[in-house]
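Just below sit the structures, each encoded as structure tokens.
Note that chain A is present in both complexes that follow, paired respectively with chain B and with chain C.
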Partner chain A sequence: MTVLMQYMLKKTALLLPVLVGISIAAFALGAMSPGDPVDQVLNPNGNESYTREEYDRMAARMGLDKPAAVQYGKWLAGMFRGDMGRSFFTNKSVKGQLARRIPISARLAALSMAFTAVLGVGAGVVAAVYKDRFPDHILGALSMTALSVPGFWTAILFIWLFAEKWKLLPTSGIASWTGYLLPALTLALPGAGVCARLTRSAILDELGRQYVTVAGSKGFSRFQTVVRHVSCNALIPVVTYLGTHLAGILGGASVVETIFAVPGIGSYAIAAVQSKDYYVVQAYVLFSGTVYVAANIAVDLFYIAVNPRIRRGEAGR
Partner chain B sequence: MNADIEIQGLNVSFVNRCCVTPVVTDVNILFPEGSITGLIGESGSGKSVLGMSILRLLPATARVEGRCMYKGRDLFSLPEAEMQKVLGKEIALIPQNPTESLNPVRTIGRQLTECVTIHEKRRKADAQKRRDQLLRCLGFHRPEQVSNSYSFELSGGMNQRIVTALGLMNHPRWVIADEPTKGLDAVLRRQVYQVLKEIGGSEAGGMMVITHDILLAEALCDRLLVLYKGCVMEQGKGETILRHPAHPYTRGLLESLPENGMHPIPRADEKKTDSGCRFYPRCPHGSKACGQMLPPETVLEDGRIVRCFLYA
Partner chain C sequence: MRYITGKTKLALLILTLILLAGILAPVIAPCDPLASDLGRTLEGPSREHLLGTDNIGRDLLSRTLYGGRQSVLVALAATSLSMALGFVLGLVAGYFGGGADFVITALSNIFQGLPGLTLMIAAAGILGQGVTSMVIAIAINSWAGFSRIVRGEVMKLKQESFVDGLKTVGACHGRILFLHIAPNIFGTLAVVFATRVAGNIMAVSSMSFLGLGLQPPAPDWGVMISDARQYFRQAPLLILAPGLCIVLLSLSINMAADGLRDWLDTRRDSLEIT
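Then we have the complex of A and B:
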């Protein structure tokens, strides 16, 4: 386990500079992008006028009159105190909003992840078992479609089919749990397509190995061989992929959340970007960045756990 | 019940998009219960394919014809579930290429014990005892330590002995050992030989030993089988074959050994085809008939079976 400990320490030590880097990038991006939040606050509809004095007063209140470095420093200091600032427009605390929205996005991500894993691994296993036969061809075409069709198009198709035509599921909102189904499925499909192809090729690779034949010589059935011998080896690339995929969707699925009006962090961030609500954008970037890095560490840990080559100290070398 | 293995009219070929390649042709052999038969012949002569065809473990591209009778049943037409009961328990394999034969993410110990537990779940303790006993016999002084390792942590020679243990774990009636002493030094070779000999003697197991090591074959085997390009050229008592080889190929093979002066078999004569006797292009005694048809199997007075027109 010492290898694991060393690895954890190394990775966590790296995490801090990465986060600082992410936050600086987020801050710079906000400062450089066109548009002016002060103007947005004073003149949200574009038809009101204000004096220079009013502008300066508002800028000072929002803390935007100081140089960028000072603004960043203040913001960072706030972060360390656990204060993420307030929205320029609603004046609601960013922290409170995130606390309310993260569970919603997390639920969506978890459900979508379940769809991805079940559909992807399931289709991949079936395709591998029926290699070059009818089910394999069908699933190959389906997974190719799933991974190449863009999410907004699938979303529109689903809304039309399930909500308007068959009236089975709500079009938007999360009034009940069924509201999560369509967005989760939309979000899951591309990943499921990739996962199916990955699973299929990983299993076929492994089935060609000699230890599979030897397992057969011990009296293992095909199925037992796949479960006991092949799965561990074949799942390594699949789980690695699923982990990074989860990291991606945990950070908020902006497009899908917006289309289906899911009040998660993705739609929150999109709205904030449009109105140049700096503190919200920064908090969001920091959060999704952290999640992404953490999920990648988790994937690496999994990789070490299932791969004795690394676990037994080769990683240390 | 009598546990002979009898192969009748076995033909194996590999099929791919363009062509059909025959690799084993018209093989008829009786492996009497409890006997040790050595399969010798140069690399690529089809020894492993012959062994694997008995176990029905050839890749899907292989086409197998013929019968393999065991305990009154034809193994080639047995339902899959029945065959699984035979594999590992009645007939087990000591595979070639030990390192590739072991699963890299499963401990050695589990890969050994599962040979028994896949057939009978409850015999886990027995299996562990058997494992430790076999590992000790095969020259591992600390079986627990080896059991906890993975194949990549062991040397090639160690893995070779692990796969030997693998084949013997479940006290099979028959063992097909594919080059069990490959890559071992003299001391270890002797140790493995001892184990195989003991198993052959005490546990009444029959064995097929595929080997390039003629000395091992001579010491271990009752009977020998000489293969050349998928045909059994000569089969019979080991002693007789090695002292007085009948088939020109066997003679050539023995004379090419270092201890016999290392006289190589002449190169193939490119004008001659091997569509009749496989050895015809290289044979010093070839006659016209040899190029036209496969010689029939002839039984000599001493019980040997030879596939050559010199004796037909």
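Then we have the complex of A and C:
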């Protein structure tokens, strides 16, 4: 157990500077963006005038007259307290918006990840079993195409075909759970392409190993060997990919969320970037960076679960 | 085994055709891509307009031919910039190790943890609209992938006996690194470059589609799809033609990269497209 604890501590210690770096990047992104927040507050409609003293007083009240490092410290402390500021434009609290939007993006990410895993792993297994035969060629071409199609185009085609022409699913919004299906599928396709290719090559790598020959000579069928022995080893790169993919969707489904009018954090971030609403951008970047780090920790935990060598402290990774 | 499959040849043929169409667009395009004719809007294919016209009567075929020129150049420039940055940092991190490696690896982890496309959009927003800011925004976002792969390759190569031999005859670090180790990485780098170019072409189109990249009335595939969102129900070619061009271009680049990888017979796992 101590070996395990040491391993996790080391991993977490390595990720801590990453998290600090992401928070600095998030803060800098907001601080460097064009537009003057003091002006935004004093002159929200663009037609009010104010004096130099009024400006300085407001800047002092907002803490913007302090050096950047002090501002960063105050901002980070605010994030820990859950005080993320208010949107310049809607005046809604950023925290409240995130609290409402994160579950929506999380549902979308979970569904999309399920599609990715089922389509990707399924296609990869079939392609590996039928290596160099017809199904392998077809699935290879399909997965290559899936990762070469831009999401915004798939989204428009899906809305047009499934929602407008055949009227099977809602065009946009998430009034019912069916509203999640098209955006989730759109997000899943490129990932499924990558996942299928990873699964196929991982299984083929493993099938060349000696233990597969041993299992065969002990009388296991090919199918039994793949399920009982190969799958555990072959899944490692696939799960690593799925972990970072989930984090990517949770933090970066911005284009697809915008097109399907899903009120998640991605569409919130795009709207904030377009209107230069920088507290929102800062909170968003910090959130998605944190999700990325958390996903990496989760993937590490998975390594421990499937790799007895780490549990016994034999392997470096 | 070194061979070029039929699939790769087909990919290279399609890629060449698309690139030629873009390069020769001023010569072969039947109309001016910006000339509108409000009397002939949203027409179907005809003898004068082989693919029909858009909502303000511009020739779709001409716009489609021109449509890749800017985004491909932006993607090439951005990917070259990020490759140069990632290549040098990866070489230094992998070869010298220690403190330099720690700092560079930490930086690349930070940049990989930032939210991809949204970060590009945010960076482009800060830098202001324009081609230069798009190039910088994409380069900031994709150098870490290069540096990571180069670092891994260098760490493998510096164990090789030819490096020990060079040190014995008194070669300096710069000489070993740039004249002897670097050339061994070029093949791998070419494969990664190609897949990144494909990804970045899609990123540029996405940004242009959202109105944060190339701006209308530029004849660009992303801009064209965005413009056509209200009108494609009457004239589906308005989104099909530019969309298929993006798909065919990135598909042919990805397939060519795949062929190149097999041809170089490099290890698969370090190069899987992600």
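Methods note: the second predicted complex is superposed on the first by the 268 of 317 C-alpha atoms of A that agree within 3 Å, B and C clash if a C-alpha of one lies under 4 Å from a C-alpha of the other, contacts with A are read in each partner's own complex, and residues count from 1 in each chain.
The rule we apply is simple: a contact is a pair of C-beta atoms (placed from the backbone, for glycine too) under 8 Å apart; a residue touches a chain by one contact, two chains touch by 3 or more.
Quantities reported herein were computed from a predicted structural model and do not represent experimental measurements.
Participant: Fit or clash for chain B plus chain C once both are placed on chain A?
Facilitator: fit
Participant: What is the contact status of A:229 with respect to chain B (first) and chain C (second): first, second, both, or neither?
Facilitator: A:229: touches chain B, not chain C.
Participant: Looking at the overlay, does A:221 come into contact with chain B only (first), chain C only (second), both, or neither?
Facilitator: So A:221 only meets chain B here.
Participant: More residues of chain A in touch with chain C or with chain B?
Facilitator: With both complexes superposed on chain A, more residues of chain A are touched by C.
Participant: When the two structures are overlaid on chain A, which partner does A:209 contact: first (chain B), second (chain C), both, or neither?
Facilitator: Only chain B; A:209 stays clear of chain C.
Participant: I'd like to know which partner A:285 touches here: chain B for first, chain C for second, both or neither.
Facilitator: Only chain C is touched by A:285; chain B is not.
Participant: So if I put the vertex at the Cα centre of chain A, how wide is the angle out to the Cα centres of chain B and chain C? Nearest 10 degrees is fine.
Facilitator: If I round to tens, I get 80 degrees.
Participant: Rounded to the nearest Å, state the minimum C-alpha distance from chain B to chain C in the superposed three-chain model.
Facilitator: Distance of closest C-alpha approach: 12 Å.
Participant: Can you list the residues of chain A that touch chain B in one structure and chain C in the other?
Facilitator: Shared contact residues on chain A: none.
Participant: Applying the document's contact rule, which stretches of chain A touch chain C when the two form their complex?
Facilitator: Listed in rising order, the residues are 15, 17-18, 21-22, 25, 29, 32-34, 144-145, 147-153, 156-157, 160, 164, 194, 197-198, 201, 205, 237, 241, 248, 251-252, 254-255, 258, 266, 269-270, 273-274, 276, 281, 284-285, 288-289, 292-293.
Participant: Sort out for me which residues of chain A touch chain B in the complex.
Facilitator: 209-211, 213-221, 224, 228-229, 232-233, 306-309, 312
Participant: Which chain B residues qualify as touching chain A in the complex?
Facilitator: Of all residues in chain B, those touching chain A are 52, 55, 57, 80-81, 84-89, 92-93, 95, 97, 100-106, 114-115, 118-119, 150, 152-153, 163, 166.
Participant: Show me the residue ranges of chain C that touch chain A in the complex, using the header's touch definition.
Facilitator: 106-107, 109-110, 112-119, 121-123, 125-126, 128, 198, 202, 205-206, 209-212, 222, 225, 229, 232-233, 236, 239, 243, 246-247, 250-251, 254-255, 258, 268-269, 272-274
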